[in-house]
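What follows is subunit A paired twice: with subunit B in the first complex and subunit C in the second.
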Partner chain A sequence: MSDIAAPSPRLRYRRAFRISVLLLAFVLIVPLVPYGLAATGVQLTNPGADLWREVRQRVQPYEATTQVKDIDGAALINTWGETWREFRSDRLVPIGGGILLGTLGLIAAFYLIRGRIRIEGGRSGELVPRFSVNQRVVHWFAAGLFVILGLTGLVLLYGRYVLIPLLGPEGFSATAAACKEVHNLFGPIFPFAIVGLMVLFGRGNRFRWLDVKWFIKAGGLFGHRIADSGYYNGGQKTWFWMTVLFGLLISISGLVLDFPLFGQGRELMAAAHVVHAVIAVVFIAASLGHIYIGTLGMEGASESMTRGYVDGNWAKEHHNLWYAEMEKAGMVGVDENALEEVRRHDDIDFRGFGSPLPKGGDTGH
Partner chain B sequence: MARMKFFCDAERCIECNGCVTACKNVNEVPWGINRRRVVTINDGKPGERSLSVACMHCSDAPCMAVCPVDCFYQTADGLVLHDKDICIGCGYCFYACPFGAPQFPTEGAFGSRGKMDKCTFCAGGPEADGSAEERRKYGANRLAEGKLPACAEMCATKALLAGDADVVADIYRERVAYRGAAGMQRGWGVAYGKPGVQAGKDMKGKAAGKD
Partner chain C sequence: MFLEFVEGPLWYASAAIFIFGVSLRLIEVLTRGMPPDLSAPRGPGWPGALRTLFSRSWTAEGFTRGATFHLVAGYMFHIGLFVLLLFAAPHVVFLEERVLGFGWTPAPHWLFILAADLAFAGLALLWLRRVMHPVMRKISTFDDHAAAILTFIVMFTGCMALLMSHESLRAIHMLTVCLLLIYFPFSRLMHAFTFFLSRGFTGAAMARKGVQA
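Up next is the complex of A and B:
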């Protein structure tokens, strides 16, 4: 009986050994089962993590619903807002400020070095008609709007950094509120001013090879050389097309921002703001150059847009080809008060409200 | 000082909108302004989740950074509040906020939005605590009375937690430990033949996914 009931020590050791080997194998292999399962493709990741990762993506493949009727109400999280805020605060404000102050500095340096561009031959006293009444009215309408919109816009962009220290929070809040209202009320009128400028100043503004040569000579800036130019020179044509392009883009983006009634979401408004603000900064910087030339920078230029006439010698020096055409048509030395005579002159093609250009097209050959 | 935070437990939210109703009632929020909203993901499908969203009172708030008139301020509790007297209603805070928390009372032409309104963590505004002026402009100031925001207090399942961030974190940690790994997979692990880790035998409650 003893060999059945009580196994011999050798048997016992063997059994114990086998059991321990099995136990050891079990303890070592079972923790590896999940890896094995993963290798066979069984889903072991947390589906919750996948869902919340999707939620945080900017594009929303998941379906979300909400009971509120807001436009973006169903969006749980939208990271474009921070991208926009970072662009505005950390890039637009400092870089835009650099562009504007840099432009002012360049203009100041130019004035100090080159001085006012004088009429070399002195004033001849003979007047040449340059801009019609309609042209001048539309120009000043657009210019006035531009200055108002530009200044109010700059207050909204830079006021927090520049004006709060000066006016205090409540004072600046009142200023900014007023600027916002003025900007938003006058803004929608600007597209009409741009269209007016396009219609009345378009003729004669097409680029020619002449203008490339004008640019190469830097408009006759250095060394008293005359660069050939028609009614408009290359620089003016550049400014015209900048005005048209920037003006249209700013108008469209401004209208998107000013009338948030048509289901614009946050992303569209932020994008429109980027377009609007970047173009505005560049437009204002370029306009500083235009304003400088038209006022301080060049003798004899401002009267073209105030009185509508320019001096003969000024025209000869800066728009020589146009001057030659006008001389041929007998338009040099006209009496300012005889405007009606001028209008009825057959050789001058006013085309209703166009530029005083001789018939046959613009002179920029 | 305690840093105040919201936390919405997506595993518990049942989309009852009690938080929304409580907020609107306690703060007398006008029509059309939604300080708090409940967003449901994958409504009707397995793995449906709901979250209650309002102002998250960010540590580095984008609304505060972008405001052109600098009308936001951060309290010692870490709450992001704003001054409606300074606000000009430009809408930039709404573009910047990832959660869409700022709300505007007027929808009009020429960008006339009115003063921005948002969740204040029931902490009112810059006026004197509990004054009529503060109540009219910002709603209830429960924090000054030693209470927590109405939305969290009213939550039916205690999904929405609000208060000291450390305390909220402790509560949530306890829940996570109780639910275990299967807790995250309620509804995914067993329905419609989808593979997944099954809940343990002894696991109880909704989190076990046995419903």
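Up next is the complex of A and C:
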């Protein structure tokens, strides 16, 4: 054993140098091999690709189990998430934007062609009570909530396209954070506003054959054709039931999104988002028409919801059958400052003014 | 920098105006003086004062019909605001660090949301009724509307800053809070401190006369 000489320091040094060079070459050159092979057209397969493809394509619902206590804990890849993302970016955003801008364009065109719908006989100066204090409070409460939720929702949907060029990324970040919190906090109040609208505006909103005739005449919006109408016309009834239906659907989907504490999985949340966003876009587009007619589009309309009274000639032209009932009941030409009228405002009968309808329904018009 | 200003000099100035202004108004009320009541008292005043302090928290019989809206919306707003002010987590932290030096357990998130929604809804309904009701509209002054709108703005900016992710949003909320603190002593918001005195005085005066008010 003592005859075997230990390697000299120089030999050890040379061996260590060679090993270092080999290791360095390995670390530097081996990662370049796939690029080289790609450049030469040789296909390298990811050994995991087949596995993950199979995972992604497997039939749902999953039968896997996991110790993770989450409804989606067993999902390795959620393929529906990509479908939802593509729907949102490729369909919802552009089509929704088209609907909203198109509606604005239609309203602008209508205004340019038709102009403001005036009271043809001029104002008579006679007041007819139209909506009570309770009705107007609930209407403006719901309208205020709708505007806040609509604007913040539009920022969440379109903000990155519209606001980043204006505010920059930091400005948009703060705006979006603010809008998200406002939207989530005010959202749960909206269902109560919808219920309030249902209670206070429900009576008189049943569709009748009269309303079909109203639609055929386009509500008298074009030309001088008079379309018979009771307390609510066909257009108002349509808007009321749209509000109820859309309002309830958007409230339910919104609550599912706002409170993900009850076992909602990703698919349910994505579905709720689709329902919420699609309805919201249509709801906002329809509301633009309602807002237009109630403000700029029709002379005398806004007073019904601000003062609670309308001009007699306005009532005669747009709700002739209701006007006839009010005239018969002696409620045309009231003094809004008279004690009797003021006392009526304190009446907490939720039906409000309305038409002097017999109990159990309207007069059948 | 704006946040430092708002949470620094402006906060101290507005808090000083608030404390000084409220104290001055209360001293003014307490030292106003009354002409002496020469009639023989039927009884002590303090039981009546105490009784009226609580009995006026509900509408008197015969007035329920007209006052239900205000009662419900009023309690919604005030209870919601009380929970928000004193038990919202960011407020508890602020009071502990900047005002009192001690804190308490904040409300859970679900209670905060409920309180905030009640406060917003109550305030909006009350203000809308003030604007829509013909009598209330006629007797309302600038102060009535300003107090309601300013309170709503403070709550709204607080809601915007809930995520606590951006200094700018926190600064806007603090700015509106400072404005409210400055406005407070000069407005009807003083009812937060004077309602004790008002109810107590009425109850004591009536008790002295032998009337159960």
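Here, the second predicted complex is superposed on the first by the 277 of 365 C-alpha atoms of A that agree within 3 Å, B and C clash if a C-alpha of one lies under 4 Å from a C-alpha of the other, contacts with A are read in each partner's own complex, and residues count from 1 in each chain.
Quick note on the criterion: a contact is a pair of C-beta atoms (placed from the backbone, for glycine too) under 8 Å apart; a residue touches a chain by one contact, two chains touch by 3 or more.
Remember, predicted model here, so these are calculated numbers, not experimental data.
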First (subunit B), second (subunit C), both or neither touched by A:Ala177: both
Contact breadth on subunit A, by residue count: subunit C or subunit B: B
Partner chain(s) touched by A:Thr238 [first = subunit B, second = subunit C, both, neither]: neither
Subunit B versus subunit C as contact partner of A:Arg136, first or second or both or neither: second
Partner chain in contact with A:Gly144 - subunit B first, subunit C second, else both or neither: second
Subunit B versus subunit C as contact partner of A:Ser302, first or second or both or neither: neither
Touching partner for A:Trp84 - first (subunit B), second (subunit C), both, neither: first
First (subunit B), second (subunit C), both or neither touched by A:Leu185: both
First, second, both or neither for A:Asn320, with subunit B first and subunit C second: neither
Residues of subunit A contacting subunit B in one complex and subunit C in the other: 173, 177, 180-181, 185, 188
Subunit B - residues contacting subunit A, complex: 17, 20, 34, 37-43, 47, 49, 51, 53, 62, 65-71, 83, 85-92, 94-100, 103, 107-113, 181, 184-185, 188, 194-197
Partner subunit C, residues of subunit A touching it in the complex: 133-134, 136-137, 140-141, 144, 173-174, 177-178, 180-182, 185-186, 188-189, 192, 308, 336-337, 341-342, 345-346, 348
Complex interface listing, subunit C residues touching subunit A: 65-66, 68-69, 113, 116-117, 120-121, 124-125, 128-129, 132-135, 156, 159-163, 165-166, 168-169
Subunit B-facing residues of subunit A, complex: 42-44, 46-49, 51, 55, 62-68, 70, 72-79, 81-82, 84-85, 88-89, 156-157, 159-160, 164, 169-170, 172-173, 176-177, 180-181, 184-185, 188, 257-261, 266, 269-270, 273
